[in-house]
Amino acid sequence: MTKQIPWQEKPEGCTDVMWRYSKNPIISRNAIPSSNSIFNSAVVPFKDGFAGVFRCDNKAVQMNIHAGFSKNGMDWEINHHPILMQQGNTSMISSDYKYDPRVTFIEDRYWITWCNGYHGPTIGIAYTFDFVNFYQCENAFLPFNRNGVLFPQKINGKYAMLSRPSDNGHTPFGDIFISYSPDMKYWGEHRNVMQTAPFEESAWQCTKIGAGSVPFLTEEGWLMFYHGVINTCNGFRYSMGAAILDKDTPEIVKYRTKPYLLAPAVPYEQTGDVPNVVFPCAALHNTEEDKVAVYYGAADTVVALAFGKISEIIKFTKENTLP
Amino acid sequence: MTKQIPWQEKPEGCTDVMWRYSKNPIISRNAIPSSNSIFNSAVVPFKDGFAGVFRCDNKAVQMNIHAGFSKNGMDWEINHHPILMQQGNTSMISSDYKYDPRVTFIEDRYWITWCNGYHGPTIGIAYTFDFVNFYQCENAFLPFNRNGVLFPQKINGKYAMLSRPSDNGHTPFGDIFISYSPDMKYWGEHRNVMQTAPFEESAWQCTKIGAGSVPFLTEEGWLMFYHGVINTCNGFRYSMGAAILDKDTPEIVKYRTKPYLLAPAVPYEQTGDVPNVVFPCAALHNTEEDKVAVYYGAADTVVALAFGKISEIIKFTKENTLP
Amino acid sequence: MTKQIPWQEKPEGCTDVMWRYSKNPIISRNAIPSSNSIFNSAVVPFKDGFAGVFRCDNKAVQMNIHAGFSKNGMDWEINHHPILMQQGNTSMISSDYKYDPRVTFIEDRYWITWCNGYHGPTIGIAYTFDFVNFYQCENAFLPFNRNGVLFPQKINGKYAMLSRPSDNGHTPFGDIFISYSPDMKYWGEHRNVMQTAPFEESAWQCTKIGAGSVPFLTEEGWLMFYHGVINTCNGFRYSMGAAILDKDTPEIVKYRTKPYLLAPAVPYEQTGDVPNVVFPCAALHNTEEDKVAVYYGAADTVVALAFGKISEIIKFTKENTLP
Amino acid sequence: MTKQIPWQEKPEGCTDVMWRYSKNPIISRNAIPSSNSIFNSAVVPFKDGFAGVFRCDNKAVQMNIHAGFSKNGMDWEINHHPILMQQGNTSMISSDYKYDPRVTFIEDRYWITWCNGYHGPTIGIAYTFDFVNFYQCENAFLPFNRNGVLFPQKINGKYAMLSRPSDNGHTPFGDIFISYSPDMKYWGEHRNVMQTAPFEESAWQCTKIGAGSVPFLTEEGWLMFYHGVINTCNGFRYSMGAAILDKDTPEIVKYRTKPYLLAPAVPYEQTGDVPNVVFPCAALHNTEEDKVAVYYGAADTVVALAFGKISEIIKFTKENTLP
Amino acid sequence: MTKQIPWQEKPEGCTDVMWRYSKNPIISRNAIPSSNSIFNSAVVPFKDGFAGVFRCDNKAVQMNIHAGFSKNGMDWEINHHPILMQQGNTSMISSDYKYDPRVTFIEDRYWITWCNGYHGPTIGIAYTFDFVNFYQCENAFLPFNRNGVLFPQKINGKYAMLSRPSDNGHTPFGDIFISYSPDMKYWGEHRNVMQTAPFEESAWQCTKIGAGSVPFLTEEGWLMFYHGVINTCNGFRYSMGAAILDKDTPEIVKYRTKPYLLAPAVPYEQTGDVPNVVFPCAALHNTEEDKVAVYYGAADTVVALAFGKISEIIKFTKENTLP
Amino acid sequence: MTKQIPWQEKPEGCTDVMWRYSKNPIISRNAIPSSNSIFNSAVVPFKDGFAGVFRCDNKAVQMNIHAGFSKNGMDWEINHHPILMQQGNTSMISSDYKYDPRVTFIEDRYWITWCNGYHGPTIGIAYTFDFVNFYQCENAFLPFNRNGVLFPQKINGKYAMLSRPSDNGHTPFGDIFISYSPDMKYWGEHRNVMQTAPFEESAWQCTKIGAGSVPFLTEEGWLMFYHGVINTCNGFRYSMGAAILDKDTPEIVKYRTKPYLLAPAVPYEQTGDVPNVVFPCAALHNTEEDKVAVYYGAADTVVALAFGKISEIIKFTKENTLP
């Protein structure tokens, strides 16, 4: 990936591995006329710029996903209307709501996964070639599930997806699993990948965890940003960490950050429709330049950016890994 | 109603139907020496200005209601001591606490309703002619109830009151009902008026709803502002919508906003004793000038004002109604 | 009341104030072809025998009330079809379900109250002259309420009803209130009558209490049987006590049993659809003979009878009263 | 199916569609030396008699499944040791616990499904040719799931399985879904089949439902016995109903009993390790003789039998269907 | 201990390590006139027979402890009035309620511990020389605690007590701890002794555990019977196991039964005020004759007896120990 | 205490008894490189300045305590590494986590108490002479406990500690107790000191309360700052009050503030890892100058300072005491 991705150098004096963009949030809650909030959204390189799929809750607080485009990855034009799905590998494209999309390019097309409302939350799948026409496929799993994230290439000849089995409410528990599919229609070979951490060892990820960005390959394996949650007496607090999964058998976690990489600490993360949320959904990377830009939802209200050096993140993850 | 009500024109570029007063909050949390917070309060035209009844929680966080006066509806003098009730149509004027008042003028006097603590929350009723002497009447209902709002005139010869049956805690459910009384002492003919909306259709009002301002008559029927609540993983979020009820049979909802009209989005609504609360309790209107000014509690801490054109609100409500 | 009521002498050696009928249960769960269970039902003297209104849950476990007749109060013919209500003082006779009826004769007719499903449980009211035609009136209260019990005569010129404000679920709390009505349509003057007892003093009634049988006048005042509930680690246990209320101001409790009078201890009370339930709904009394027969639902499955001497019950209640 | 299945004629005077075996329970809680309880088990015709897979909780209350054999379907020899799984289509045959098995013959072998503990409850799959050697396959789904039931033949060329998505606890909700697989390894095309009934219409199945016996074809479609649950104040009560699913598109429910067919009413159903449970897991049928014998777990403690005429069950289901 | 303890030989054909007394329950719920139930009680050899302290809930369901005496340990005379405490090592002998006593002889007197109500449940301590005069001492611990059990001799010069820290409700968790005291007044050196077992390994003790009988010395160490609890969908189920603790450092668990020794399986254990409870509080042993008799509360309603051979219990515990 | 303590005069126009330092917070969340937050910490005069023990949650959100030093009590150098405990009066110094420390000088050394993770939260004890070497002692109590605060001198020859018995979660209840020890190893004579206030009287302290700062002697008795909690629909809100305990029998509360002295009202108290928290842990006082400086954690994120005149606080507490 050699495209120029969004970037800003680390602020002077900053000793953290990752840092916030100084002009955050890059997408405000009312960036389109109908929106109550825009957050938990995903982007990919597209043509000479970037395309993305954005969670836009409207002012009735109906959750839906919209397509959007940008030249530089920071300034975005988001469609005012939700994506209208056409039939992909199924005629059953029922959807009570759509939220928390991720986008991945595999082989010849862009795949979108999201939390799809079908008798409860499950993982919806669609593909597009152009971010204009979208084709919805069979839901990957039975409810209740959230945070479905595809790998950007087949593994051992099969599509692979991370997800977080959930319940029908706010889900005060949850591990990350992986599932495989030969055809994006039938899924199996489910494996537990990562579990919540013991409170004593890493409390920010002791209540539940969920895959965040689409993993990308590094020398050490698949690098993925994920969220972890602690249940305080005043609600859930969502922070971000990184995990490195084995290249060929990604249910094997090689390293995983014991400290978080980013946690709610600035006003647009600490206040909003759901206070204290940092929720990564995408990562643009430039391996040559050793850069990664993470898109994350902040306080369930806006979209923000954080940056880091890939090599430093890998080093930090290895040196500060959970056992 | 031809009196000059509080007003500020819509800010340039604003595309919303209602907008906030630029000098919000109009009443700060410590506007009287003893107060922890002042919010969820109601006002009416009175003499050459306005009078009101204000929820003032003191620094022991005891909830009580105070009278107040204003020339312009924006700058208020609030009594430092709570209202001392005299006996109205009963000698039983027990009250463990008083909060969330509404005020209505009917025929010859001002009626106050509030959440009255009598073996749990129920609806207290009192009247005054002068906002100096207040006469407490029988509680309208058995506990547990909140958000009692009187119509400003008799309907089919009877007083009419909206309310929200509740439980003895934070009540994670609740519809709006109407009840009738021939005499402000005995109540009956209870009817369900509005129910919570399905999550998929209008999530901001999917957990519970409650009457807000005293309804006023428009060509389409009774226009009332109400609050709706969504239960997020970090607590309740209170927003404001509008409903138009049938003139003669107000248990019939003609229209009701699917999108909210105002939701927590600025600091004084997003942080405070209870974050993310917009809670309307009164609306001053001037039909000739097509104006309405809504008083709402913000974050259970302060009082704020929002404005709108009546005709635009009606048009918006009709065009964006829940089925 | 001089009619011959059901009766069986106290078993030899029994030292309790009340005792069970040796042929309990008197009505089995499948006494009519469609029934899953018949329980929590009420009877009154009628013509040369007795009539009653019976809670019959059918095999879809829909709750409804049926009329029934008996010569001796022990052997009952229960109608196979639920009561079909006609319009009484209202055209709004909606009912999602009906359960736990009580029956009272006042002046010229029999009044039935029950838990009526109208957007949650509330108190339904109907009257009949003949137990053939029933006329449904306005619900007494807003939801959520259960255990509405009328006094058998007007008090100070008004109808009086006990009830237990509740929530929309299994209600882990609840006191007995009284309300008054001039006309069986509008209700007010709500007063708290009895509260749950402290765990340390009388644990069987520490979670919630509810009026049971229609009160009847004794020299000491209104004698009423009520149920009390303790929340064990394996669910609610319902027992029966007695209270004596002031004749003219029945919100005044003169005496109230600290020990229970009857608690689940035999198989038909200990096992069934809801184990460990003794739930009184009616009491036939014969003052001349100093007898009372209490009808109670057992284990939410069958109807049973208990007997006692009125004078002994009064004496016991006075000598063992809660402070 | 022409084999002689267990049978006992309807007792005289019985007006129910299904009736209990007079010698119930057929398998006692301590039928093998190590067992705490044996219940929720499944049987199929096998050779000249029957074979089955039995849930045997041992005295450490570890849940596991055992094979067993019977000549007449009533008297069973159950292996003293749990089934030891060999690798089927996977090497990952991890299992923290196994419970609630079902057995189905498809094409050339017997398939067993059960609730398999793998980071929470999910659906385990295994096959056997002889009830001696068992080969465990990939779990069908991600956790959390229970009550996986296979159809006895492929539908439109694919295996079909009913299941009930759940949570990680006692699950106070739950619908029946169907999923399809080309190969017993990857699953998809998930559809909601049946939902819980409204409390007002059929309360015994208002909390959750789950597939019970393996469906078998009748003239009207697939006949399946399922369980429904109501949440009383003293816990869950499990009853049994029947549903008829469309032959070619079994996600279409043609008919479904509004009344239950069997509900806890006798001591071995009302008391035991979990009181008030009737839980069907298998049905032997003889179409020629119009007979069906349902095996059900009672009170999570023993195995019992109920009988019925297939034609009567179908007639009853059609005439008493939920809308 | 050479006294003749209650005993009955193992029934023929019984393969269990422990067995029930055929005349259970030995104490009925109404063994004294005022009692609602008598259970969870403890006994010791005393003079030429036995004495005990009995939990008697009266008919107000107030919990208290009574003294009682028996010649043979099976037939008991229980005092009709609760123990009236005198001041022991403190003047603060407040007690809202008393339940679940244990009795131990140490050096020169009998010590009673029980769950004492002082701003929540904690461990009360008293001593007696004669079971007539009782002297109450300082509560051992802060609330919230239950199941305090003393060792029958000092260990390393200090008194030692097992207990189960709890919460202020039904406590869905709980381990056994040990604490030491030089003087029965001040306690410290608190150590965790035994934790709940993983659900997968021994579900009957996966929710909470609590010390039961006073430990007695065997060749292998201290043998103690304890209760374990599983939380079913219909409530807690209490069973009994055994543990062997190190003689000199009893916080070391040498062996502990993975299977239970006794679990609710007969009517007086399965139904009652709290169904499905087996709760050991005392064990009389005769080492010479290799006998032990365990007193346990059944269904929170009555007292029952179980027997076993000490050598067999030790052998079973060693051979079936939790890791 | 005549040392110069941190101080700032009351702002002009302020009518409150206590006021915030204008440069709050004095310690930022990232004051040391590894910290996620620094809050709920305690200080004492030490040598020519001050020393303290600080709760530093690191970026894995592991809770631990660090030593720190300051010349003026406002500018602090905090050690980058947690305190490494040596063995005090025990070899058992296990600790899963350490948080919310308090520090007290008694006789010859500084004692630290904190919430110590040992099979749940309990009260850890350690001493130091120099804030370099720390010696950990036996935990004072069994779990579950929090907010252990020592008195600065023996009372009647014994050490005295306040604490708040808790549960193993967020604890929605809790009173303050006192316990005594002859030797800092064994504890007893537990007494309830202060209970939560009725909602109607003082809602800010109606859910739970906990000791805050180490008490110091005044003419009226021991003056202690404590926290109180109200459970709003959006979580707990922690405020600060004061209590005056009897000099010789400190379980006697002489006075206690009905209004709070400080409640969350500024951004660093209203937003952070846990919004709306004011949590006092230490108070430096100068009796000669009539000054007190209270250190409190704000929003579980930073450390802040509030000031007051001792005489005014005493006067206010006496005049505004809870009954």
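For reference, chains read A, B, C, D, E and F in written order, and residue numbers begin at 1 within each chain.
One rule holds in what follows: contacts are C-beta pairs under 8 Å (C-beta built on N, C-alpha and C of every residue); 3 or more make two chains touch, one makes a residue touch a chain.
Protein names from UniProt, one per chain: A, B, C, D, E, F = Glycoside hydrolase family 130 protein.
Predicted model only: the values in this text are computed from it and were never measured.
Peer 1: Taking A-F as the reference interface, which entry in B-C, C-E or E-F shares over half of its contact pairs by residue number?
Peer 2: C-E
Peer 1: Hey, which pair has more contacts between C-betas, B-C or C-D?
Peer 2: Of B-C and C-D, it is B-C that has more C-beta pairs in contact.
Peer 1: Take the average of all CA coordinates in chain B, do the same for chain E, and state the distance between these two points in whole angstrom.
Peer 2: 58
Peer 1: Using Cα averages as centroids, what's the distance between chain A and chain D in whole Å?
Peer 2: 39
Peer 1: Two-or-more-chain contact residues of chain B, please, as numbers and ranges.
Peer 2: 234-235, 271, 275-276
Peer 1: Between the chains shown, work out who touches whom and classify the graph as line, ring, star, complete or other.
Peer 2: Its topology fits none of the listed shapes; call it other.
Peer 1: Quick one: which bits of chain C touch chain D in the complex? Just the residue numbers, please.
Peer 2: Touching chain D from chain C are residues 29, 33, 36, 57-63, 96-97, 117, 170, 234-236, 271-276, 300.
Peer 1: Quick one: which bits of chain B touch chain C in the complex? Just the residue numbers, please.
Peer 2: Listed in rising order, the residues are 90, 92, 118-120, 122, 138-145, 163, 165, 167-168, 173, 175, 177, 179-183, 185-192, 195.
Peer 1: Tell me, which parts of chain B touch chain A in their complex?
Peer 2: Against chain A, the touching part of chain B is residues 15, 199-204, 230, 232-235, 237, 258-260, 263-265, 267, 270-271, 275-276, 320.
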